[in-house]
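Take this structure first; my questions come after.
Letters A, B, C, D and E mark the chains as written, and numbering starts fresh at 1 in each.
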Amino acid sequence: MADVELKNLKKSFGKVDVIHGVDLSIKSGEFAVFVGPSGCGKSTLLRLVAGLEEATSGTISIGDVDVTRVEPADRGVAMVFQSYALYPHMTVEENMGFGLRMTGTDRTVIQERVSKAAQILHLEQLLARKPKQLSGGQRQRVAIGRAIVREPKVFLFDEPLSNLDAELRVQMRLEIARLHGELGATMIYVTHDQVEAMTLADKIVVLNAGRIEQVGAPLDLYNNPHNIFVAGFIGSPKMNFLAGVVKSVSGGATTVELAERSAAPFAVPAGEGLKAGDSVTVGIRPEHFGAAGTAGIDARIDVIEHLGGVSYAYSGAGTDNPLTIALGEDADVAPGQDFTARFDPSRAFLFDPSTGLRIR
Amino acid sequence: MADVELKNLKKSFGKVDVIHGVDLSIKSGEFAVFVGPSGCGKSTLLRLVAGLEEATSGTISIGDVDVTRVEPADRGVAMVFQSYALYPHMTVEENMGFGLRMTGTDRTVIQERVSKAAQILHLEQLLARKPKQLSGGQRQRVAIGRAIVREPKVFLFDEPLSNLDAELRVQMRLEIARLHGELGATMIYVTHDQVEAMTLADKIVVLNAGRIEQVGAPLDLYNNPHNIFVAGFIGSPKMNFLAGVVKSVSGGATTVELAERSAAPFAVPAGEGLKAGDSVTVGIRPEHFGAAGTAGIDARIDVIEHLGGVSYAYSGAGTDNPLTIALGEDADVAPGQDFTARFDPSRAFLFDPSTGLRIR
Amino acid sequence: QQRTLKYYADFDPAPLAAFEAVIADFEAANPDIDVVLQNFDHEGYKTAIRNFLTADAPDLANWYAGNRMAPFVNSGQFQDVSDVWEEHNLHESLASAAPSMTIDGKQWGVPYTYYQWGIYYNKSVYEQVGVDVPETWDEFVSNCEKFKAAGIDCLTTGTKALWPGAGIFDYLNLRTNGYEFHMALTSGEVAWTDDRVKATFAEWGKLVEPGYITANHAALDWQDAASLLIQGKAANYVMGNFAVAVFKDGGMTDDTLGFMPFPTINPDVARAEEAPTDTVHIPAGAKNVDDAKKFLAFLATADVQTKLNEALGQLPINKDSSVADDPFIKAGFELLSTTPGGIAQFFDRDAPAEMAKIGMEGFQQFMVQPGQIDNILERLEKARQRIYK
Amino acid sequence: MAIADVSISATPAPQRSWWRRNQQRLTPWLFLLPGMAMFLVYVIWPIFESFWLSFYDWDGLGEKVWLGWGNYAELFDDDAFYTSLWNNVLWLVLYLLAVPAGLAIAIFLNQNVFGIRLYKSLFFFPFVISQVVVGLMFSWFYAPNFGLFYKLIEWLTGTGVAVLADPELVTYGIIAAGLWPQIAYCMILYLTGLNNVSPDQVEAARLDGARGLRMLWYVILPQLRPATFIAVVVTVIGALRSFDLVSIMTDGGPFGSSRVLSFYMYEQALSEYGYRMGYGAAIAVILFLIMMIFISGFIWKMVRDEREGY
Amino acid sequence: MFPRPIEHSAPPARIAYQVALPIALVLWLLPLIGVALTSVRPSGDLAAGNYFGWPSAIAFSNYAEVFQNSPIGQYILNSFRVTIPTVIGAVAISTMTGFALGIYQFRSNIPIFFMFVAGNFVPFQILMVPVRDMTVSMGLYNTTTGLVLFHIAFQSGFCTLFMRNFIRSLPRELIEAARVEGVAEWKIFIHIVLPLMRPAIAALSVLVFTFIWNDYFWATVLTTSATTQPVTAGLYSLNGQWIASWHLVSAGSIVAAMPPVLMFFLMQRHFIAGLTLGATKG
């Protein structure tokens, strides 16, 4: 277990800057998750920590040791790859023991550690199999086992679950959470799956185009996004963004009128630096609609999707920016119907449409 | 548009029986979705309808004509493949018109139909492009366009959205729903994605190991599953299954005591043929837990996952059969805490543990 | 109407020119005949002829006299041309070659040239080392010692194509055991393990064992060895007269190039020589036989042979032809016309092809590994028993 | 809904002509016809004919004479046959050096520096050149007295070695010439193989602390197995088929010491002094049987892959 | 990537590598370079024993001599007359067999496929005598046609392996989609499969071109005269004529090697793709 500190870390591939100076500190034992859209540099950042890519500038320290120029094997990190990267010609046991064998660890020690890891991951029965003979979830476990065996200070995961099917994903997610609890090691985890990020992280790092947008605990990001990017990225279905105009500002609350949808003006408890006539973007989460809301948007419902537990109504389904409304089980709307979607304006967010920053 | 009727349809590959006698009738204009775990025979069944596989026995009729031994081209079906199967060397227009051209349709007719389909799918701007120059969603649209152009009686889709990313998947899902509304054609759709099944289907066909487990409307399956398989398969997160013992049966309600979890006995409004002392499996959907429930299960919460809008609490996260509880936003539990999960026993299900059948 | 004569041949560049001239003359004399000459690489031709005789026969084909033509005669691939011999009285004019053209009492082709073999030597080298041209084998061998001391190969050869080695053997055997024995050996009547054969090899060994023969000869073509003689790196070369052109091309002149008959080994044996005869035949599959015969007759005439051999630098067969005014040709004519013992064709023409191949390999091996002589002779004997059965 | 209405009337009534019903079954045969016919006539049938011929004595001109096992009996008592066989074994074993050598060069060249593509192509060059030309080049290289190799040895040891004149060395000399293009071939196979090595596994191994040779042995080579397999197959086949170089460089000499079976077979059957078709066929049959061992192995592996793969 | 990219190493290693590359290349191509240099050496140099020194002049005249005094032009023409029809024939035939074996599943599919594969690996010496006899009896001996026919037949083994594997790698859905659309099987071949095979056809053509151009054995067995012999066999004949004229042999060799080398450089990508595709998939 160790702190991981990134200081002004930059990385370019040739002329393309991919990481634009990242400062980040992950505390010992913390579970940090990198999220962000595809290509934003999550993997690159993780690989920088692993030492698989060389930093263009900046420093990386692990447990107070500057490892920026240290070989990957000597950084005390272990990595679990999206593809698992198991050695196909070795048995599970050999796969897990390989790293130790390479560092000349004693045979008995290897055996001991491998069997311990196998026990933790319920792999005892599979030790003699080759990766080909394993299911996806089992392979994933072996990949994790291989990391555990090395007893690293820091675990690195690059989308470890994205090749699994939905059900297994849930199971393995719980397993990783349990493992983190058990080992107490520092873990850095890359994913583009929101649910994984929300459920696993102590700390989510939202990346966008090689920059950190926001760092924080999951619910912190959900409830208190700094900008439109984070607000839109965290939460599923996505937050609805509606163009609005400020009617008046008073007493820390802003009265907003929607520009493209018909709704009575409503007051949002935020408004730093706003004045009447300013454009704003109003953000409302689909799940914050509900019969009890004090404000309402009039919308014609095109499609309703019933997912069993929850249903979503869409208005403007064909357009680029449909309005998504979560319906309670009791809601009684039908497609094609006009409907007033009620919501609690105090839970709405305001953003500056030009900078994308949150207006508090 | 045509009815599709399968009668005692069987298919074996060599010695392996894959479809074990399926009877199914899909009405004209209906949207039927095949779901089921991987390898259960969904694709095979669809390909049997298309004529790409020959039935080992049984009959297939489309629009009252027995087509069991008819060439695929003569069945009046069109198929959209998971991989889109666009001809990479032809433009969008050529792709869509190819089938008609090869079967000697008049040039002007082709043009007319292609442009009409392009209009329906908003592909007018892309007609001159090659598939390589299209995004995933656009390719998918072209694949659908190719099917539309042939004006088939039945559309067949094999996991058409599984290669798209989450956001696009939602969009295309809405598009297919719209299309079905517009064309009114019979559609058969294979997916392993629950959400797609729930949202698109008029009728869901749940397959398991080459057999039909249940056929019904989406909410019907959700609310009224015939057996444990369907109950577990439909709904996300999965239904909790708890072992229980019947304490007494009276007045159409069964009082059950849980075997492995501590809970006060509760009465479930079902119990055909049960008697005291029988083992049953109790099914409770995670989303049916709630503070208002009249029964309660005592559980130690291991993990809580906050997804923003909803949170799930898990008890026994490491085990094979954890208890999943959806928490309202207001619920105030912490991991490691003991907690009484309240639920409404009237929404619980009972199953026969040996046959898996629902006890009503 | 124009008729064509397809003619397959294997001339080196100089003879090719000579033959083209002859063909031009023939065409001039027979304006209605068009001779199409297809020339092959000399070595490749020996393989090709087997193929084209059966498959794609021309009207005329070059080949060799003696036993070398026997397989084709026996398998009916060459036509009997006795009528040409009769008609043009070739029995008289070509008398010297008649026996080697005759099988079963019939003639199977027309010879146009022959040439002597012997030892060609570099006069400057002899002067440089200060030895005399030897008369006897012993003198030759003792000369070799001196050449060796001077860093010069006493006898050079290039056996990559195998046959140059056979020339040495033929002469050694002719000088040791005589013509009759040599012919008996090549026609399979004597065992290779015979002591007389061993005696021949013993003489040969006198050159091989002390290393008087060019090393690496197995990797050299005969022309490569000729260069060694030209450059003065070698003194003597057992060769046919056709090599003179190469020596002269390489810059040797009548003053520096010498020719001597192969020295005497056993004085009791009558001197025999080696003079292969080159011939032209009509394949069985020829399409234009009449014109082909015309050509053969033309080729047999004294004038043509004179002209041809002048250009070839070889000896005409026709007794009425005149011999060119060239010291080597004259020497050869002298040598052959005075031979008391007999004239052999050449090892690979006197012995059947298969035997020739195995034999020549044996000679080559002997010159590399003289210690293997017993094995070699046993192998040859085994082959003899199989081939001549 | 207009579209759907048209559809029913527009769909042509199913025409079930005989051809239409059977076209899926018949099409492959029609497509196979020309290829199979030619292959059967020119490849499969001649194999059997050779077997049959090997029981005859035939000079290609006259009558065939039945010998039974005669040719084989003679073959097994023929020194030249054993020389050829032994040389074939040498070829087989030494030719396989092309595989590791190709790997070494491939590893050496598997970099991404400026101009590396050109280097790779130039290294591959020998394979594109005809064996005839290669043979001539090496003849020149080995030529006694002035060849580059001869000179080199002379410069090193004082006396040059005429490789092609030395019965002990000649086969090695020819094999070396043969290795030259073969190494290039293996190199290309390995370069593509290296291209397909999973970078994830390499990285995982780097994290595991494997480096250099150990990385090569434990992680890279196992992944290169398909390339290795095919390299071995083509090399073995190349070794057994070797004919061109022997023919060009030495014609089997000196005194037959560089013969291999394929050359001996040709020599016996078609060359200047040969024309023993039956005997040649017998040699070819032996060669074929040796090759059959490898072909069977190859086919066996393919069948296995085919089963797994499709 | 293995080995470690050199650009991640210290500068000395990088420089060492950059220096080692050309040295290794020169060593590797030494025989070739030697021959290339010899081919432009005046014959005087060779006679004077100047085999390795600086040539006294650059004698491109050697090439002129080769063309003027030998039928090498004819040989090269023959090579083209053999190679081009063979490439066309073998590729055409194997596209069809590959299609049949790659797309359709019928019981004898695998046995037929293995017949082609096994035939491809046969030591072709075993075919020599019968094929020669057959060619003779068809009257095609010593004709380019005879050689072409045999080459097409024999190459169709390898080519079928290659094409079949390539077609296998095409998505099956493309064919199925067309079938559902009612496209006749032969139209599927023409309109779907052929266009998609273009890269394979290119690769295979280059490959077969090289194989056939470089063939020596069959040229020796089936042709005899300068009017039909391809350049490989011709070169062997010329070698018999040009004994000790290494400058001519070298020039001739270079000339003979040129077409496949040019082909390789022009179509390099296809060539290597073909080589590895045909091979590694087998």
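Definition applied: a residue touches a chain if its C-beta (ideal position, glycine included) is under 8 Å from a C-beta of that chain, and two chains touch if they have at least 3 such contacts.
If you're wondering where the values come from, they're calculated on a predicted model, not measured in any experiment.
Graph distance from subunit B to subunit C, where chains that touch are one step apart, equals 2. The chains that touch both subunit B and subunit D are A, E. Contact counts per chain pair peak at D-E. Least-squares overlay of CA atoms from subunit A onto subunit B yields a rotation of 175° to the nearest 5.
Each chain gets a centre from the mean of its Cα atoms; for subunit C and subunit E, those two points are 41 Å apart. Separating the CA-averaged centres of subunit A and subunit C is a span of 93 Å. Rounded to a whole number, the gap between the C-alpha centres of subunit A and subunit E is 55 angstrom.
Residue positions of subunit D with contacts to 2 or more other chains are 60, 143, 219, 270. Under the contact definition stated at the top, the residues of subunit B that touch 2 or more other chains are 71, 74, 103.
Multi-chain contact residues of subunit C (touching two or more other chains) are listed as 43, 47, 51, 54. Within the complex formed with subunit D, the residues of subunit A that make contact are 50-52, 71-74, 77-79, 81-83, 85-89, 98-99, 102-103, 146, 150. Subunit C makes touch with subunit D in their complex at residues 43, 46-47, 50-51, 53-54, 71, 75-77, 159-162, 215-220, 353-354, 356-357, 361-362, 364-365, 368-369, 379, 386. Put simply, subunit D touches subunit C in their complex at residues 59-62, 74, 79, 142-145, 162-167, 250-251, 253-256, 270-276.
Across the interface of their complex, subunit A is touched by residues 38, 165, 167, 170, 174-175, 177-178, 192, 194-195, 198-199, 218-219, 222, 234-238, 285-287, 302-303, 305-310, 314, 317-318, 322, 326 of subunit B.
The part of subunit E that touches subunit D in the complex is made up of residues 1-3, 5-7, 14, 17-18, 21, 24-25, 28-32, 34-35, 38, 49, 51-52, 93-94, 96-97, 99-101, 103-104, 106, 109-110, 112, 114-119, 121-134, 149-150, 152-154, 156-157, 160, 168, 184-186, 189, 210, 213-214, 216-217, 220-221, 232-233, 235-236, 239, 246, 249-250, 253-254, 256-257, 260-261, 263-265, 268, 272, 275-276, 279-280, 282.
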